[in-house]
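So that you can tell them apart, the chains are marked A, B and C in the order they are listed, and the count of residues begins at 1 in each.
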Amino acid sequence: MFKALRNGLLASIAAALVCTGMATTVNALTLTGAGSTFDNPIFTKWFYVYQQQHPNVQINYQSIGSGGGIEQITQGTVDFGASDGPMTNGQIKRFEKKRGCYILHLPVVIGGEVPIFNIPGVKTSLKFTGKVLANIYLGKITHWNNPEITRLNPGVNLPDADIVVVHRADGSGTTYCFTNYLSVVSPQWAKQVGYATSVNWPVGLGGKGSEGVTGIVQQTPDSIGYDELNYAIVNHITYGYVADKDGKFLHANLATVTKDAAKKAKHMPKDFRVSIVNASGPDCYPISTFSWMLVPTVWHDAAKEKAMVKFLHWMLTKGQKMNASLYYAPLPKNVREMELNAIKRIHVAQ
Amino acid sequence: MNPKTTVTVTTEPGGGNPTRFSSGRLHLGDRLLKSITWLSAASIIIITIWIAWQLFVFSAPSRHKFGWHFLLTKTWNPVSEHFGALPFIYGTIVTSVFALVIAIPLGVGAAIFLVEMAPRKVSGFLAFLIELLAAVPSVIYGLLGIFLLIPILRSAVVPALKHTLGFLPIFKGPFYGVSVFSAGIVLAIMIVPFIVSVTREVLLAVPREQREASLALGATHWETVWKVAIPIARRGIFGAGFLALARALGETMAVTMVIGNDPTIRASLFSPGYSIAAAIANEFTEAIGRMYIGALIELGLVLFGVTFIINGVARLLIFSTGGNGYES
Amino acid sequence: MNLNILAAVATGSPSGFAALWPTALVVVLAGLAIWALRLIPKTRLLRKIVNYTIFAAAGACFAIVLGALVIILGYLLWKGAHSLNWDFFTKIPVPPGMHGGGVANALVGSGELLLMATALGVPIGFLGAIYLAEYGGKKFPFLVRYATDLLNGVPSIVVGIFAYTVVVVPMKHFSALAGGVALGIMMIPIALRTTEEFLRSVPNSLREASLALGASKWRTTVTVVIPAAIHGIVGGIMLDLARVAGETAPLLFTSFGNEFWSHSITRPTAAVPLVIFEYATGPYADWHRQAWAAGFVLLISILIVNIIARSIMHLRYRPA
């Protein structure tokens, strides 16, 4: 009995080693990327389709979060990063010091963020202003029937109940964009909390990931949270209207998000690091953000560099056509052209 | 040779002195085995020290900036880079203690059932089933916590508690589902199998003569268990408790999904909280900058330190009651 | 009570600690009450009642614990079983929104990781246990056992961070190797404890008989003692494996995950617990289905390994 077991074990180990050995002889070039969970659906689609068209290139992307993307690209453990919040000047300096080259921020998609809520008996989409959202998240507005909210929503029967505030527990670009918006519309928020992928929230429960936030909101009466637009659409979650800079209440959708991006993109800085929240102009949905791919300018592996540049070209031309199917807004034309130009800076180290 | 040869477990391992032969080849084989095995054993010590060392080194930025205040500060602010571990330490301790308070009576009770009441044939099988609870991955516990446990707590358990014991500060306040309470219960279910399994083993090891003597003297079955069997088994049960505690302290995934992830200290068990392991899991991949990462690693160091102390206490307890250093 | 007011109180004063004194008071009073119970005279009838009540309570405890297991397994089965199809086991993931696809690369990845973990962790634990059981001593074994307990108690996420700093950072990328190292470290303590326990259970008479026949110590150990204990050791290692198979946290910053097949151990690889975590906390209903299914598969595999391990352990050497 013992002999049989031993032989069986040895045989399976041998088989496993052979398989691994065989696998290593397959000639696939792999690029690794890490970062934003927001981009995960579109990246997964792009990389899958790209691999079908170019079988010897595999791009492995893991959504560990925007901050993770920035950290890992700085450490050099991945080939590219992805983030919904641009790197700060300090973070860029740190990157340049550690890696000895410049980092490109290449916008890949535009997304929007929406306030989601769960109030028993309220089926209509509520209207919010930026100031109201900030005050809710600051803990200054504590009940649903607070005059500031009822004033915006006449005719809706808001209960006299505590607002259960929900936010992201893990660091995230979604948080970055949301807190960025709150900082812009509320000076108190800017002073007290600020904006980043992870902040010291004054009040609220922390959900893990967008799913965590949505899960808690859906399960908890009288709660409010924030989510990515495409996430809310895919999962049929009721979300509220947000007032734009001119005071008009907008429901986030691809059109309004694109308009906001296009407006701000007219003055796109050369390094593409721009916040596009709260653009002034008709139908510009205020809580919108670019999402960037973080690509170093200098590469040490010629084959990888070539594959990366080729993919970026594909992404900016063919890839963009897939955005709408997953409820991401495509990049405005002038941005795409600027990027195609910027990619030329990527080269192999001499 | 050794007069204790008839006992299967002796304090003199290996049956006494090695090599009596002066042949060079045999010496070599023996020396080789001894060296290789000694090296392996030593490497365990080295790895443990190395882990502590790595944690110590990588947490340097945070340690230098905050010193011991790290353990007493309540703020956790990644934007201004002010970090303090107190809310996490509090959450970790409260959830773990709460889990133990539930799991120990439950586990000991179940073990007593298995040993004293269940028919011999099924007892082993049932014990095996319970040990399967320990095999369920943490992530699954987290999911079940969100989708199964929390709705039940919200609709039935918490209202009942509030009705009866609602005057206590630990049961005051609104219950939003994700909370220290929920995390404690999930942890309790996760650590119960350890307590059941070890308690069962030590109860089974109580000599028959002791039980029979007690029953012969007129004690009821329960009195025998309580006054005779359990005191003999007490050391093992303590050990089980510590094992369970160690597991509860380090539990990550299940806790982060149901605890609410709010780094604030509140008296009520129904409020959300945060634990060290949950904080590290949530924020490590996102953390940017040496200070933030250093603070998170310092949290890991704190957890390692707590484990170190608890192991020391457990060993002291076992030594002080006459153990010989070897226990299972 | 308003969360916000609570927050204000909690952050303003020396916090929740101060508010706990009523609770502490109640606990102390309850303890005193229970202690005072022993002052009640113990009639035969009372003792009988207590006997039956307590055992009923013990039965209830058992029912609760077993019930938890039944509910967990049942729920997983209900949610996951109908997601199981041939594709699930043979295909790699497809993008959200597309149907089909599976977790084949995660299954293979997990297998790879566990194989590596066994190769790295088991020898250290096994050989170390041989020293403890066969050579003994006072101080050194004490240190080794303390370190082993400590290692066992280290939270899996801390082991993951350790593997990150020691393997990923120097190598400059994530890899299956790092994941294997992390899991291997977690396997050491139980491998050591199991091996030592079963080696010690081999009667000394066997060792002495072998030595009396002229074998050297190393020969005795390798050809007599270890084979006598091997069933228990192998069984224990399989249980060890089953425990480590479900660990997620150590893999987050080491093996990283992979949407495709991994072609080398120095590259990132998918793993079942990672997939469960990513899909369960993701937005798509399709992902959730797959997460439940993967959870079910994982649990069933661990169950099977447990059963096999226990059968092997029961076959151990019994003296004639």
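FYI, a residue touches a chain if its C-beta (ideal position, glycine included) is under 8 Å from a C-beta of that chain, and two chains touch if they have at least 3 such contacts.
Small disclaimer: the values here were computed from a predicted structure and weren't measured.
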item: Labels of chains that are neighbours to chain A and to chain C; value: B
item: Pair joined by more contacting C-beta pairs (B-C or A-B); value: B-C
item: Centre distance in Å when chain A and chain B are each reduced to the mean of their C-alpha atoms; value: 37
item: Chain B and chain C: spacing of chain centres that average the CA atoms, whole Å; value: 12
item: Residue numbers of chain A (touch at least two other chains); value: 64, 162, 164, 208, 212
item: Residue list for chain C, restricted to those that touch at least two other chains; value: 3, 7, 252, 280-281
item: Multi-partner residues of chain B (each touching 2 or more other chains); value: 174, 257, 285
item: Chain B to chain C touching residues, read off their complex; value: 1-2, 4-6, 8-10, 12-15, 18-19, 21, 26, 29-30, 32-34, 36-45, 47-51, 54-55, 58, 74, 90, 105-110, 112-114, 116-118, 126, 128-140, 142-144, 148, 167-170, 172-174, 189, 192-193, 196, 220-223, 246-247, 249-253, 257, 264-268, 271, 277, 280-281, 284-285, 297, 300, 303-304, 307-308, 310-311, 314-315, 325-326, 328
item: Contact set on chain B toward chain A in their complex; value: 75-80, 146, 150-151, 174, 176-178, 256-257, 260-262, 272, 274, 282-283, 285-289, 293
item: Interface residues, chain C side, partner chain A - complex; value: 2-4, 7, 93-97, 111-112, 115, 168-169, 172-174, 227, 230-231, 234, 252, 256-265, 267-268, 278, 280-285, 312, 315
item: Footprint of chain B on chain C - complex, ascending; value: 1, 3, 6-7, 10-11, 15-17, 19-20, 22-23, 26, 47-48, 50-51, 54-55, 57-62, 64-66, 68-69, 71-72, 75-76, 123-136, 138, 140-159, 161-162, 165-166, 185, 188, 192-193, 197, 200-201, 203-205, 207-208, 211, 216-219, 221-222, 242-243, 246-249, 252-253, 273, 276-277, 280-281, 291-292, 295, 298-299, 302-303, 306, 310
item: Residues of chain A touching chain B in the complex; value: 64-68, 70-71, 74, 90-91, 94, 162, 164, 169-172, 193-201, 204-208, 212, 215-216, 219-220, 223
